[in-house]
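Across the two complexes that follow, subunit A remains constant while its partner is subunit B and subsequently subunit C.
And then the complex of A and B:
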């Protein structure tokens, strides 16, 4: 029993990282309608940028994470402006766009690999005093990651609810052509979505590297599976749903890992399959369908 | 010399195996549009099954474990691989192909592939973990006594034979009416469903066949190499196959062969000939990055590939009797439809608005009235989106054989109502009755098969099908239109195809579009695409035609032409429900009109009556 409580603690940390990733992934999808399979590589690049900031500039972890977030934003915007948008303007079909994102992921991953080699890196963070909460054990860094995720999600919620930009994003996500026709500068909204998505990817990437202890050129890419599962669970394009999906998958996979570490990914996968069987287009199908009609 | 010859033989075997695999993927992705991001899984699976069906029961003293071990004679292990590949594809396809979006499907398959790779490398009892299997006997190696070189060339012949069989098989399928349906689905799945194609079922079939072909290719490879290692089938390999068929040309078997040669052969073998300039890891990374660049370059500069999909000029096959007379004598069209002449009602002309430029005729457009019109009634139909009641307790009945207009301000729920009736979206409540039968909640393809055909607000042509193909793809009851029918061969399908070609040609003549018969529909003007869509829906044998803004984005001249066709369909006794903002057209075409506002039925009557209705006028002003 205590073992399960303990793994719930790990689950909360995993869920926080997943939530950051899944929200970033789904937010950008909701606004731009593009399934970006290069998302994981943005995470990896950010983890490396944070590493450089720590090792060569001697920044502390949190400043390095900020640098990683900034790098994520820049990379995300660059990819969208230099690669995705030109293809979209040409009228590249939906499935060809998936190939485009796969190609970008291939290029980023392998260029990283050329520079980093096939070795693994670590932030070399000193061990911290364990903190017990309700039978779960955390260290201060993990608690900060959970807090950071909560704060980021709250920030996103406030952005959506109270700012013009947030409302414009929601409008564009719901109905792009309509948003454009009522005078919302959808181009800028789309850029903002890429920036925000990159920021979330960056923070998630650094947090993932902290949580795992070591990372390499394939770390972000291999984390894409649970992120997509969380996003699909919450109906892709729905940030709040993605948070829920991250919680369910984070907790379930860590509890399952208790029994067999191999089960971790399998659980995420099983949840994904289950969701697809029950609700092929996500749990909250209504709004997604509305959007599909618009983009069809 | 001998070393070179056996190297050449090895390359040829690889080329053959890769080509077969590419044909499988081409059928799935190039023709059917199914993005099988788990492709490598099927090759690996086929290889494994072939290995364990060839090997004798696992010897316990050696540290090698696997299942089955049936020691079957050739070619049974390959057949087993095909069955296993098909079964796996059926299992994976049944959930991975559920989402409507192809990028979702692709991602789910990618996930399947990653999970499978993890499980296989960790599973000792079944797959012998990361060590894999070795010492798999090569077919006939012992009995032939050819020596190593000779055997290599023998295997080249075996591979060539298998490739020939695969080519004949995939060619039979890709040239069938069934493949036309697949290509229509690939271009626009919703439109294909609205014409009666069960998109999920047909996608799964294409996926299963491709999976079986991939499995056989993997089986051949393992027979040649004599060993099976999970590391050789990495998830990333899938994308190399995708690159191959994108470079060679999607939807083209020769293109797939060329892609296999250029990408899987030349491109991947090239580093062996170049001087080593960096570490092996770096070179491998560079090669993978280059694959990414290759994808981008081709999708940007030549998305259709080196050998694009063949444009099928079907007009050459139109039966001679139909071709000329129809164009010059419209009466032939009339006689083609005499079997349903009883349905043509004699309508008083004076009730109508001003006739357009085209002279009025009583002739129904070619195939339109073959099927007797049906009665449609909806009652208490409801559907909301995120708290908004898009359609709110809508009830009405269509008079059979009449044209009914459905008008209302923007956001009134008109298009949603059509979608609910046609089964494109499921209602939250209420009933849809066709000829008194409750068909509420039936999927779009079943509604289409009942004769409820919907056209789309946005043009929905099958862009990479010719105009003639667009029309024929819509026709029901094609013997070659199923997978089984496709496998029975061209002769089996020919008679009906000829008949349909004639029918479609007559329709084209009627719409004066025969000159565009062999043009890709995606290259037409907006108005012409509308016409194609209308003709296509007529080919689908509508008993009730639901038209969603047929005049939207059409120039005034073409609008009159469309109006004339609508009137002729109406006079031919086809039940129609038409959503349209162009009220003049509604008045001229429709016998009666239904007005919706805020999801509810507001009024019914003729346009003249509605014009005097204060409520209707203010709803329009408010909207």
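And then the complex of A and C:
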């Protein structure tokens, strides 16, 4: 029993990182309707920017994470403006757009490899004293990551509920042409969605690199699958669903590891398949707030 | 790739293979110009290149992706060998070039790139690679082409293979496992946790290790097979610690080991002794694991059981000098896999000199002869020494940078193993005392 409780704690850390990534992924999809498979590389670039901030500028981890988040925002916006938007304006089909995102992913991954080499990097963080809470074991950094994820998601909730930008995002997501016709500057709203998505990708990338202890040019891309799975689990385009998906995948995989580590992915993805069988549009289908038409 | 293109490449590969097979060598030819495949699938004479056309060693490895370090290691081995061979006047006057072919570490990419290499490489005389994940899919294609293939895979399935073109330069995992068990037991550890990743190259060690360790009186208190590169191993680490092992024995890739061991350090407040297979001394391991757990911690707790390396003498100096001349990281000079691959390439070059022929179908039979310790054989340490001895009509025994490389009937060069520990001061792995063959059993 104590091992299961321990696993739940470990699962919370994994779920927090997945939630940051999945929310960023689904938020951008909700507003732009674009399934962006280059999301993982945005995470990796952010992890590298944070590394440079720590090594070259001697910033502490949290300032470096802020730098990573900022880098994610800039990269995300640049890719959307310089690559995706021209294709969307030409009416490129959704399937072709997915291939464009795959191409961007490959380009970023290989450029990263050219600069970083076939090696790994680490923030070289010193070990911290274990903190026991209700039978679970964390360290201060993991608790900070959990707190950061919770704060980010709360901030997103407040943004949607109480700000004009959040409401404009929801409106654009729900019906882009209608939102435009009532005077919502959908172009700027879409840009804001890319920026926010990039911020989440950046923070998730740095948090992932902290949790793994080491990272390389392929790290972000390697973890895209569980992030997408969490987003799909909770209905793509639905941030609250993505959080739920991240929790289920994070907790289920860690608990399953108690029985056999190789069951980790099996159990997590079996649950995903089961949910999709019962609810083909994801767990929160019908409650989607961020589904959208493309545009800009 | 379209079906038509695949068929076209396959047809070209078969044509190239047929041309190699058909080509013969004049044993008296000093030019030794026949046989190697030309870019158009023809022979040296057919290409009209006279006596000094370059020969190609195809380096078929992952150069991108997570296993890219395999390609970089093999590339450096090949370049260093080519430097030494070309400085001695080439192989019967033919310079040796190294050409890279990127399998991306993915069998699906490896086969088409192999076919492309076979049809496009000019005068291909040997293939260096591929690594363990690609070899099952690539080997049939290479066997059909009848080009000698030099690899360092550990998979015991190849322990009794019979292809005349398969040359394994480092020992099988079936001999690594007893060395791992022997060292672990000899350190006084009777209760250990076994942690291997689920990939094929790691799994081939588990059963022979378990068998030998139990024969030596050891107990495995926890055996885990972990999936590589997941976001966390916290639960697995907790399970290992709950079993209270004296040490951890296993094989993990760089990223997995970095995450697993740093999480162990976090949960346990430090590490327990960790004994890894040869995977730990591959080039990507220390840069990943060292910073993640701290280099002093790695130096103190981690030991790798890997093939022994000569690390001194004329052969090693020549190898090290060649690595310097190609501006390779000197870290690689102490990597037994890099040294063994370098030795393998020099061996194949000497086999061509012995056969006086660059036709793979002819010189392949001479590959084991140039490293066989026969009575009266002249021991040579460099390519130049080997050529000089052969020209003097002597039988040679090439003992290279990695030490003696004696091939058995199945094309495997078994070597002794040794424990390697990381030295923070030397920034490199340092070899300990040789371990007994088959754990002394």
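FYI, the second predicted complex is superposed on the first by the 286 of 296 C-alpha atoms of A that agree within 3 Å, B and C clash if a C-alpha of one lies under 4 Å from a C-alpha of the other, contacts with A are read in each partner's own complex, and residues count from 1 in each chain.
Convention: a residue touches a chain if its C-beta (ideal position, glycine included) is under 8 Å from a C-beta of that chain, and two chains touch if they have at least 3 such contacts.
Owing to the predicted nature of the structure, the values given are computational and were not obtained by experimental measurement.
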So, after the overlay on subunit A, do subunit B and subunit C clash or fit? They clash
- Message: Looking at A:98, would you say it contacts subunit B, subunit C, both, or neither? Reply first, second, both or neither.
- Response: first
Report task. Scan A:118 for contacts with subunit B and subunit C and give back first, second, both or neither. Result -> both
Report for A:151: first if it touches subunit B alone, second if subunit C alone, otherwise both or neither. neither
Query = When the two structures are overlaid on chain A, which partner does A:257 contact: first (subunit B), second (subunit C), both, or neither?
reply = second
Worksheet entry | Touching partner for A:140 - first (subunit B), second (subunit C), both, neither | neither
Once the structures are superposed on A, label A:14 by its partner contacts, choosing first (subunit B), second (subunit C), both or neither.
-> second
- Now for A:78: first (subunit B), second (subunit C), both, or neither, which partner does it touch? neither
Superposing both complexes on chain A puts subunit B into subunit C at one of 96-104, 222-230, 330-338 or 564-572, namely 222-230
After superposition on chain A, the subunit A residues reached by both subunit B and subunit C are 110, 113, 118, 222, 262, 265
Residue set of subunit A touching subunit B in the complex reads 35, 37, 83, 86-87, 90, 92, 94-100, 102-107, 109-111, 113-114, 117-118, 222, 225, 228-229, 232, 236, 262, 265-266, 269, 272-273, 276-277, 280-281, 286-287, 289-290, 292, 296
Contacts from subunit C onto subunit A in the complex sit at residues 64-66, 68-69, 71-72, 198, 224-227, 229-236, 238-239, 242, 254-255, 258-259, 261-263, 265-267, 269-270, 283-284, 287-289, 291-294
Note: in the complex, subunit B contacts subunit A through residues 29, 33, 35, 95-96, 98-104, 106-108, 110-112, 114-115, 118-119, 122, 190, 236, 239, 242, 246, 281-282, 285-286, 288-289, 291-293, 295-296, 299-300, 303, 384-386, 425, 456, 458
The subunit A residues in contact with subunit C across the complex are 3, 6-7, 9-10, 13-14, 17-18, 110, 113, 118-122, 124, 126-130, 137, 139, 208, 211-214, 216, 218-219, 222-223, 226, 253-255, 257-258, 260-262, 264-265
